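Presented sequentially are two complexes of subunit A, the first with subunit B as partner and the second with subunit C.
Moving on to the complex of A and B:
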């Protein structure tokens, strides 16, 4: 989180230092549209290369290098600076008419991009006001694009720039450097669906709205729209401008509403109050998150054992005291290494057999970085249980682990056989036996007597 | 009981008279062996009642101990009652081919097997 500033400082100090690299790889494919000039984004691309990424550029129509070959992604990260590129829909017709429209080759499709994400590749996607395959793709990630041709418009604050070029204050977020100045934004906003995996990074200002007419003549339409319910008006801080999405495989994709915010022009443009804009810092933070430099966590290992024992037993007995330990690391982009991380305070451990029989806080151990430990009593229930840690917080890598252990009832010699509560029953059984012996003895004695009596009588 | 006697309770007095008569008759006409068996039966019955009351009122834990203790009472009661039926001279016609010695041997063997199972189940 503090990385960009300190990385900058270390850059000043040691020019040949090894800089931030992603936790998943350094190769980046930049698919850049022919209408965009690479030089216009020199600060952005230069910043990436400075941080240790190897950039490979290709146009959307090029076939080389391939995004994916034989099912294996060719790059760790893909940047799609193709906000207006469409698919080839009727290529034969266009060839006949020799119309040149921006288009992708066969290997960049929504399906292939989703496939890349499921293979662990990270994406940075830029959108525009035009209806493109990428805006359709964003809908698959629970972003709701506005109607085509409706950029974000704001008349506040008063400035010389057009109303569609809006300075946006940067909110507080774990993945952004605190104190980043407002950023210039020009592009399309989006509303949020209800996917829990969305990570809103930048939201529109409350005075801004999406409209297809930028001058005052369209004001009446807007007023009408605002009186409608539902999707009548796209306005306010509920709209997102830059939004991340983290998949269940922890790969990350960022949808940015416009490509201009990455450019040199906005990085150099001063804000209405004369201060420098925060674009450069902001896009660095966004790419650092998207390329899994920041907020990247992992579980190194988990162990479990009985209190007072070393090593994991094959099985536990009901009511055993169990100690569960997890070691968690966070990626440190400054040293390109994983470091123990004790910053999680709200993690929970579940001991489940279908249902969590026990759900207990798994707190960090003070003095031992990266170690989280808890002791608990196994439930009085035997069966096949699982230690489950499932920690999902917005922006952070999801932490999931599951260990299966059997819990068995005590063996025959592991619990007392005779209990004081059962003494009436024991006494009953014993007294019956004693009674039986006494009875038998008396009976036999009586038999002898009876014979004697009989004998006497008969004699 | 004598001062409580009055015209208001003719039924009660009749019942007590009948009970007294029955008790005297039992004392007079029952052989000593059957009385011995009856005493044993009464003891087993009370033991079973006490255990059942403890189970209901206090605890049935451990349940296997209750089952063993109670079953020993019930089983012993049944075996002893069978013995009583077989050695009673009045039932001679019914158990013509079972001598009292044979009946007692059956009773003993049955009781030993019963107690073997009870003690295995008790702990």
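Moving on to the complex of A and C:
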């Protein structure tokens, strides 16, 4: 009995290895700084490999394997564990010639990373208190980094760790496992710009702030910082520590304020109350979201037709009753497949000509998973219309589709023919027709005696 | 294993040494003054119980003074973190305002609503919960819930142009043109009857004079009459069902025999009328 059970378990583990992976591919490039040891992040990398990802490691200065070749991304996901890698001036000779040699090779620049995102590659970026090309990149994603050299500091709760190693409670979020214990964090916070494409994943605590002073005499510098116009003080729960950004191409990038939270040290470290920390579970959820395992949705197809008909017509007539249907799937990382998804309750359909003429709810059809359907009457305006679905919610893949259809006025023979108001006209037309027919028949077939007599007389 | 335990032990010892004592608040006192310097309300804060909510008008000033001491004794201290936190518990908005503390532990905070600090969060008609966060590298950290504060609602910050797309948008219903109004059917029937009434006159007169159609079934007349009848039927069919193309096709086909039948029929009547026959 034991043998089949163990065989079954190993089959399950194998199946897990084979199936559980991202909706967009499972090749991951890990760019890791030489100052970091791969072994210190063994739980994180091991967890990724267990989930079916194929990790490729390289240093920021290495040229092989390239991130992108001939405009085609080489990997589905890129992890940048290079929180302190900078552009540096190499030598006096090169400085004299103003040659700047980056610590990154030429293929990792803010521009190339943005290019990767627009090609659908997902990124996990780690930041630090140092000003690096990556912190400048984060500013392009509507994150506002604090001045260099100011890590997150919190004196709350009272604990034996330094003030810069902060336990952070994990908020409730659709992309995180509910009930995740607080996580240890050490690194840099960021404020948010007003971009709605940001997905705050982990926020700082109310008591925490960014500071560069490490004893009580630094109190005045905090007040001075807050009085500076334009900069202010990075403090409170409005700051982010780990923040995602979803692009219009549905690729995802996560900016984490510190690389230490991914490490084995924080995963094994107990919280001030003695409970195990949630780091391992949290970083797993974060990568699952960043690599489009969770909250990944797509529109399989959309159809539209007239009520009582089957196929989509080439054009609609004003006032037609139209049925619009969309099929939506969600990615299931457990089985590594797309499954019909009926969980969206607030989707809307717009029927648009320049501006939306109609905007109505597109609800899921009960009993038919993944099917969303609505019936509506075409407006009595003719022109080129579009069926538009543009569903954007924080954290979820954006669902966007647009189908163009012309709406035309009725043809000459599509107007009503038997109006009661026109009965006198019908009567007039019919009686004229009958009158003409009778007259013709009478004139042709009749015998006009008088004329005949007259004719005879003249003869 | 032993060094690790020792290491932890050192940390614990350090922690107990480092957190020498707790911080406490002495003489917390607030004053609300209007723009004309008239004192509207002044009171000492009790930290055990929140006072009545404080209300600030658009030009009022709130002054809040206190002293931070160690273990509730007279010796004032300057902690690393002395932050006032303004929190809207409904919207979750939060503002943090550091307060300057003298090395003697005395602190004064002034909130002038004519020039509100940028750290004040966006406000509505709800009160902001104000608390004082104290943190130090030497002392136990602590938080005091102070009071609820009503401030005039602020203008909402300008949202991102795409922000609206992330929410349910208001529904739009098309306003259709009203249906065409038809007169009552009775009126239509009356007028249709009026249109048909000349037939009564015609039929009445015919019945008086009598109509004779001796040549109706003549083989030279009947084809043309029948074809004319077919034309009338075609037009009637057109009205009920047919499309224009079909009518033109059938009409074209009918026209050919009609021309010849008509020529024959007209020739025949011509012969009768001129008395040749």
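Here is the rule we go by: the second predicted complex is superposed on the first by the 374 of 459 C-alpha atoms of A that agree within 3 Å, B and C clash if a C-alpha of one lies under 4 Å from a C-alpha of the other, contacts with A are read in each partner's own complex, and residues count from 1 in each chain.
By definition in this document, a contact is a pair of C-beta atoms (placed from the backbone, for glycine too) under 8 Å apart; a residue touches a chain by one contact, two chains touch by 3 or more.
Being a predicted model, the structure only gives us computed values, none of them experimental.
Novice: Mind working out whether A:237 is in touch with subunit B, subunit C, both or neither, as first, second, both or neither?
Specialist: second
Novice: Classify the contacts of A:271 with the two partner chains as first (subunit B alone), second (subunit C alone), both, or neither.
Specialist: neither
Novice: Regarding the shared-chain residue A:103, is it in contact with subunit B (first), subunit C (second), both, or neither?
Specialist: A:103: touches no partner chain.
Novice: When the two structures are overlaid on chain A, which partner does A:353 contact: first (subunit B), second (subunit C), both, or neither?
Specialist: Once the two structures are laid over each other on A, A:353 reaches no partner at all.
Novice: Tell me the contact category for A:439 with respect to subunit B and subunit C: first, second, both or neither.
Specialist: In the superposition, A:439 contacts subunit B only.
Novice: Taking the superposition on A as described, I'd like to know which of subunit B and subunit C A:419 touches: first, second, both or neither.
Specialist: A:419 sits against subunit B and subunit C alike.
Novice: Looking at the overlay, what does A:388 touch: subunit B (first), subunit C (second), both, or neither?
Specialist: After superposition on chain A, A:388 lies in contact with neither partner.
Novice: What is the contact status of A:405 with respect to subunit B (first) and subunit C (second): first, second, both, or neither?
Specialist: In the superposition, A:405 touches no partner, neither subunit B nor subunit C.
Novice: By the touch definition at the top of the document, which applies to A:196: first (subunit B), second (subunit C), both, or neither?
Specialist: second
Novice: In this superposition, which partner touches a larger number of subunit A residues, subunit B or subunit C?
Specialist: Counting residues of subunit A touched by each partner, the higher count goes to C.
Novice: Where on subunit A do the contacts with subunit B and the contacts with subunit C coincide?
Specialist: In subunit A, residues 417, 419, 421-422, 424, 426-428, 431, 433, 436, 440, 442-443, 446 are touched by subunit B and also by subunit C.
Novice: Flag every residue of subunit A that touches subunit C in the complex, lowest number first.
Specialist: 154-160, 163, 194-197, 206-207, 209, 211, 213-220, 222-223, 225-226, 232-233, 235-238, 319, 346, 348, 350, 356-361, 377, 379-381, 390, 392-394, 412-413, 417, 419-424, 426-428, 430-431, 433-434, 436-437, 440-448, 451-452, 455-456, 459
Novice: Please output the residues of subunit C touching subunit A within their complex, sorted ascending.
Specialist: Those residues of subunit C that touch subunit A are 11-12, 14-15, 19, 77-83, 85, 87, 92-101, 118-119, 133, 135-138, 140-141, 143, 157-160, 162-163, 165-166, 168-174, 176-177, 182-183, 185, 188-189, 191-192, 194-196, 198-199, 211-216, 218, 221, 224-225, 228-229, 232, 235-236, 239-240, 243-244, 265-266, 269, 272-275.
Novice: Over in the complex, which subunit A residues touch subunit B? Could you list them?
Specialist: 417-419, 421-422, 424-429, 431-433, 435-436, 439-440, 442-443, 446, 450
Novice: Per the contact definition, I'd like the list of subunit B residues that touch subunit A in the complex.
Specialist: 32-33, 36-37, 40, 43-44, 47-48, 50-51, 54, 58-59, 61-62, 65-66, 68-70, 72-73, 76, 80, 104, 108, 111, 115, 118-119, 122-123
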